Amino acid sequence: MTVPLIQMENAQLHYKIGNAISAMMGLPATVKAVDGVNLTLNKGESVGLLGESGCGKTSMGRILVRLEEITGGSAQFDGQEIKDLSGDALQAFRSRSQMIFQNPFDAVNPRYSIRKTLEEPLANARIAQEEWQGRIVDVLELVGLGDPTQFLERFPHQLSGGQLQRVVMARALILKPEFVVADEPVSMLDVSVRAGVLNVFRDVRDRLGLTAIYISHDLALVRYVCDRTIVMYLGRIMEDGPTEDIVHAPLHPYSQALVAAVPTPHVDQSHDPLPIGGGAPDPRNPPSGCVFRDRCPRAQARCAEEIPLPRPIGTRRVACHFAEE
Amino acid sequence: MPDTTIKASSGVARIFEAIKLPVGDPFALAGLLIYALFIVTALAAPLIAPYDPTEILYTADYDLASDLLPGQEGHILGTTSLGRDIFSQIVWGARSALLVGFTAAFMVAFIGSVVGLLAGYFGGHVDAVLMRLADVAFGIPFLPFVIVISAFSEPSIWNTVIAMALVLWRDTGRVIRSQVLSLRSRGYVEAARVVGSSDLKIILRHITPNILPLSFLYGSIAIGWAILTEASISFLGFGDPDAISWGFMLQDAFASQALARQAYHWFIPPGLAIILVVSAGFFISRGYENLLFPKLGR
Amino acid sequence: MAETLLSIRDLSIAYEVGSKDVVAVSGASFDVPQGTIVGLVGESGCGKTTMARALTRVIADNARIDGGAMQFDGQDLAALSERDMNALRWRDISFIPQSAMNSLDPVYRVEYQIIEVLRDRGGMRKAQARARAVELFEMVGIDPGRLRDFPHQFSGGMRQRAAIALALALNPKLVVADEPVTALDVIIQRQILDQLRGLQRELGLSVIMVTHDISVVAYICDRTVVMYAGKVVENCDTATLLNEPLHPYSMGLKNAFPDLQSAGTGVLTPIAGSPPDLIDPPKGCRFAARCPFATDLCRNTEPALTEAAPDHHVACHRASEAAVLRETAKDPATWGAVT
């Protein structure tokens, strides 16, 4: 039985920018960080959000843990509109929906010991103080910081990046949430320790049956962690489907370029030129119609007039008028 | 490298850690010594001063002890035209200066920090309202404002202090606000929001410790301004007639034409005291600034 | 084999931190053959960036070259006077930084900055320099019309291209690139790498490419030098490094790296532990504490960098057993199965 935990319908996050002068000059007044996104995430499901910087993947994650409030459409958590939560309902949501931050060196207060860092959520959720020690020991065990007594009284600068990221993970997990957003959790870490953090994430998610969103710009990492992948570009979903299908046979021209661009640790990889050129356009001023059309090798007149909405093709949703070709 | 001096410590101890004293810088050290002398003098004024500063003194043969020169009749710096002991006035003046300087500094740092924290953290309408108030405060000409407030209210040191605080918080508020804006987007502050910490808790636990050094810096700058301003106000005659301050002494000397009479012993000591204490304050804040923002010093 | 353009021997670089020395690069040796791209890989703090910067002799105030030689085109860069080095910089050896924003001054137009370099360093006249700037922009694939732009008007990718153009301005023999694509999105990264490789082939350049990403190395580098905790631990052609590594660290790195080309996702295996403290490095092999194959010999005696196979240098006591170790290394359990 599949029960949706996360539901976004035509969700928008538009930032106001500029001022009276830029408005007089006819410059656009908003950046559409997220624009018209539909997403359903069932309980226990995890999805990778893939895209380049500025594609809106991080904004999506921030909306779902309410660090950001949508400016249009709907984003629901377990049937409740996230932005309308307040008081006790918000506090309850904070226990159920958590985030693992990108930069472990910034995500932990340098003045706080590891114990104090982990006690903060417990105090907020009014967990009885007798339970704290047990919870802390359990969660540190869970994230692979085996000997908790060794870490509890230390301060962030005394830990390595990999250890610190496990502390960040522990803080996110200590209230036993159902849903976790991981925002590029290994991008700041060294290659040799990344695998450890990724393995812990995978393992804990499976063991606790978490619903999860893994945000990354790296397809190889998303593939390692998630069975389902959503490719985003300029605030919109381009393709959504099983990760293996996207890796082996991407349908959207943008996904195709993305897959082709990823280097692999083999000398015999393809060096063919990419099918697309240039960089992403100015997000303040995206093209009409399909936001990808100015870089798309398949673009036609129709693409400039009509925004392609993600439509089902086999196991996937693809936002391209010509996805079948 | 993160600061390795951070240790487990109580809130109070942390504040002291945050407020490191700039003893490395020779000017700042000199400033600190002057301050120490000044504070001790102010605290021990009744012990140090040989006379009550407002007492009208008489010589052994019952004449008014007016306009005595230094050394005469045992008056170290002589007496005023009204027969008051100048040295005692200087000593007691330190007490007024200390009171004015520190209370004004505290109020400036406190008001400025609260405004900066609220405006920076909550943003939106709160920010708009508070920053417009700051703009208004920036538009107020400082000295005339303090004079008007002092003149229209009962002349007392406290009214002068409040008038100063009402204007001087603007700089502190602005600077703290911008600091808070950058702290608000730090990972650990966002993380605290996600784990359900209340705004108050985030402000007190995660943000305030980081802005304390800055409020301290602005507070220490305000000390000098406040002493200087109080001196000006008193010199102009809008001060508290019951409190002996260095500004009041200058006014007294001026009104009694001490300058024309070349009674240097009367107007130079209070002037020197003001210069010493005010510049010591600026030396300290300068050294403190170098400690907080090492790059600016180069 | 091609002629050697740069030959580094026993190079040591130390940073003074407080009263102690941190030896960031310790006795490093490797060659850069003419017309090749040599990758310098390793984790943060392994000394790769320090080494790269030492080649242009632009190092931190508290750093000093502590011995060794850098023979470049018949001269020892380590022994050159500041003045001679200055003459060499840009003309013979140029640098591409990680963030091009740092090498472009925000208040001047890009054209002005390139022309300044060409006039100042290359002794060109203004008209000549202007023509060369246009030529350079065409070479790196930016519309020369954009020369009149300010740096902030460029996207990240364009800035990086401009930095490449600037580095190539005076036809250097050697280009040192410090993580030139790390900050870029994957599509732009690929475009820049293609550009760099194309120009390298076309102009017969030698390039030293500092990176932490072995996929980037695999994509573009002919040879690879692996560094660990200030030491060169392996040095060979890239294909050999990826297929038949001799050093356990190289084996471990490959296990830790996700591979889009593999059939399934498999299991990534981290290398447990972290690099040693360089203020007080261990006396034996610096990798011993994290190495599943370490013996007492490894813990006590530092292995020297030796040519274990033709043109394949490695610093490991057990290099002769590498074929067996490679098989064992593929099993995650070997690495302590730290999840």
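For clarity, chains are labelled A, B and C in written order, and residue numbers in each chain start from 1.
Criterion: a contact is a pair of C-beta atoms (placed from the backbone, for glycine too) under 8 Å apart; a residue touches a chain by one contact, two chains touch by 3 or more.
Predicted model only: the values in this text are computed from it and were never measured.
Once CA atoms are averaged chain by chain and compared with the all-protein CA average, the nearest chain turns out to be A. The two chains most heavily joined by C-beta contacts are A-C. Most remote from chain A, judged by the distance between CA-atom centroids, is B. Spacing of chain B relative to chain C, judged by their CA centroids, is 55 angstrom. Chain A and chain B have Cα centroids separated by 51 Å. Computed centre separation for the pair chain A/chain C is 31 angstrom, with centres defined by C-alpha atoms. The touching residues of chain B, when paired with chain A in their complex, are 1-4, 6-8, 14, 186-188, 190-198, 201, 205-206, 209.
Considering their complex, residues 52-53, 144, 160, 162, 190-200, 203, 217-221, 223-224, 247, 257-267, 269, 271, 273-274, 276-277, 279-280 of chain A touch chain C.
Chain C contributes residues 43-44, 155-158, 185-191, 193-194, 197, 212-219, 238-239, 242, 252-261, 265, 267-272, 274, 338-339 to its touches with chain A in the complex. Those residues of chain A lying in contact with chain B across their complex are 65-67, 90-91, 94-95, 98-99, 101-103, 106-113, 120-121, 124-125, 153, 155-157, 168, 171-172, 175.
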